[in-house]
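In the two complexes below, chain A is the common chain; its partner is chain B in one and chain C in the other.
Moving on to the complex of A and B:
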């Protein structure tokens, strides 16, 4: 892991992460004309952000401006402006794409254009029904959970290696990886709680997935408490901790993947309901490619961040041990 | 969500990026201190 000690590499990681965090938070969420109609008709939202392309505009005899715009599916609809100067003020010209709040008026079968939020966006995220702006949390919450799983797996592999080779460096690596896993689980829980607050009304609902992640947190907190309470020799302490770490990891796949899918859950995928939002298959939910690509970039960056954290903590433990000796 | 609704997305994105950079430079500070100690240990 020598590369993680190079400042050049670390700065490249920082730049990549900053760009990804910025894109995750600044990319507008936008639907289309179909979404606008659906949400109006089922009472979900009066107006919905939509990604449109201005084809042409013209004044009618009464002096109000009508514009023809298309969405990504090529359907063309007449859009009436609320303000005549709205388009020119925003700098939208024919051929430009823009994200604007659009409201459907069923009685007139007409779309009313609300405020224009972005002109010619670099990219947009699909409008996910029921999530809207919250959908972007998927770029933090899910990669953090995936990294936590990987960290616990790496910790277990090092624990197995310690029991086989008896090298103190393996024990330090196992400890560092498990600590990073605990940190990422905690971050995933916090981002999940914020998501739950705005989607389900409260920060904590005792949903099966929340219960399982809470148990997982307790199991790994117990690992560190066990280590600090043992008064045996360093070697015996490391051996007991390694065995505990392996046994603890046996519960991880069950708590992270099996239990939340068996029980009825508010989470997507719970109790055989719709699949999780991250889904590359064609059915039943297909994830927006922009969101999916950025999601995998975030997963890679979080994994690199984990490797750096693990390496750093292992070196700190090595220094501590040498000082004690 | 209230914060998101009342601020343009780029403001939220800049705050998010600054928070991340804060974490990064904090870790970089630890990295530098660890490197220094490792060098010291080697020379001893």
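Moving on to the complex of A and C:
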């Protein structure tokens, strides 16, 4: 684990983290009719990135919309709205900007608004009714939850290794991994409850997945309570705590994967449905491939962050033990 | 089954019949719980979901009061050492597990009778499935508390610790079993509704018992 202690690793991690967090926060959300966003065409040779902005002149005397779009050749009427209903629910007013998938009609040199799909030359958050800007939480909440599970898995593996090899360093690693897992679970809970507050209305709904993560927190808090209450030698303490860690981990897959999928859930994938990551609209929304890549990059970065934190905490524990002796 | 396990089982039963400490404490706990529920909901129409929650709260905490003693009593009496000398650890585990299972099943029986007697809304529509999920749930609680009481036999503040350690670990089981109980109270032909819950219970019971069996040796020996 020498590499995780080099400054180069830390520097690279910090830079990558900053860039990814920036991208997560700066990437526009498609189709909420309130933001200035750019769009790009897919596929056709005539595609052109453009910024759509509604101004007063977009409304003619009869009240129907004329979309004025600016592209690299100047501002002109490029886009025509097919029907009013596509943007009526947000109550479009002059001055609003919006994004939409537009179809280019070569004959008329016009774009026609189609179903809202994607924005931004690089990537975009898909528009989900009622979720809007909160979609970017997906790049924090989901990787944090994944890292938390990985951390508990690593902790359990170290506990098993401790029981096999009886090396004190394995016990310290198990403790450090579980502690980091607890931290990531806490972060996932916080980001999740912020998400819940603004998309479901309350910070806490006792959704199956919320029950699961709550219980997960209790399990690993109990692990540290047990450790502090054991009145034995260090070796025996480590052994008993390792056993609890392994026994407790038996219920972790049930909590994280089985129960939330069987019970009716507000989360995607609940109630036995085979829902994709995000599917709340009647028309399926496909996650932007670039966004999905960023998601996996975030997962990797969080995992590396976990590895670094675990390593750091293991070293602290080692030093503590050395000073005690 | 090893003969030492049966000997241990017989010993535990003998002590239990002689003192009746465990059973009476648990039954008292259960009756107090039922009385509190009855007093706090006078004349209320209790829905199946509320009744199944009450039922498993009573059963879980009742079980915790009774089963926590299985290894703590040995440590307190100082007989744990003799037990270590006398019998191999796997037969001790089997003996204690079976004793806890018997305790838990009799506790389940008592609580079913108590709920049937005290709550007129507690009407089981599908007895077969109700008993199936009850036995599986009780077995899971017995299995988890066997290994955990062996763990806390070594810790300070033994009495309070078992529920703290056991509840989170047992939570998948409690979620599945409260749901299954609710469904068996609601519909007569409940297999379709509780199939997934039964599968969770079964797999959880098997997994936790196997893991406990493998790991018991590590805790037990010095």
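Heads up, the rule we're going with is that the second predicted complex is superposed on the first by the 218 of 325 C-alpha atoms of A that agree within 3 Å, B and C clash if a C-alpha of one lies under 4 Å from a C-alpha of the other, contacts with A are read in each partner's own complex, and residues count from 1 in each chain.
To be clear about the criterion, a contact is a pair of C-beta atoms (placed from the backbone, for glycine too) under 8 Å apart; a residue touches a chain by one contact, two chains touch by 3 or more.
This one's a predicted model, so the numbers in the text were calculated from it and none came from an experiment.
Residue contacts after overlaying the shared chain place A:258 against chain C, while chain B stays out of touching range.
In the superposition on chain A, A:198 contacts chain B only, with no contact to chain C. Measured by the number of chain A residues touched, the leading partner among chain B and chain C is C. Once chain A of one complex is fitted onto chain A of the other, the partner contacts of A:246 are limited to chain C, with no touch recorded for chain B.
Shared-chain residue A:226: touches chain C; no touch with chain B. Judged by the touch definition given at the top, the superposed model places A:236 against chain C, while chain B stays out of reach.
Within the complex formed with chain A, the chain B residues making contact are 1, 4, 9-10, 12-14, 16-17, 20-21, 24, 27-28, 30-31, 34-35, 37-38, 41. Against chain B, in their complex, chain A makes its touches with residues 5, 10, 14, 17-18, 21-28, 133-134, 198, 308-309, 312, 315-316, 319, 322. Across the complex, chain C meets chain A through its residues 144, 147-148, 151-152, 154-157, 161, 164-165, 167-173, 175-176, 179, 196-197, 200, 203-204, 207-208, 211-212, 215, 218-219, 222.
For chain A in complex with chain C, the touching residues are 163, 208, 211, 215-216, 218-219, 222, 225-226, 229-232, 236, 239-240, 242-244, 246-248, 250-251, 254-255, 258-259, 262-263, 272.
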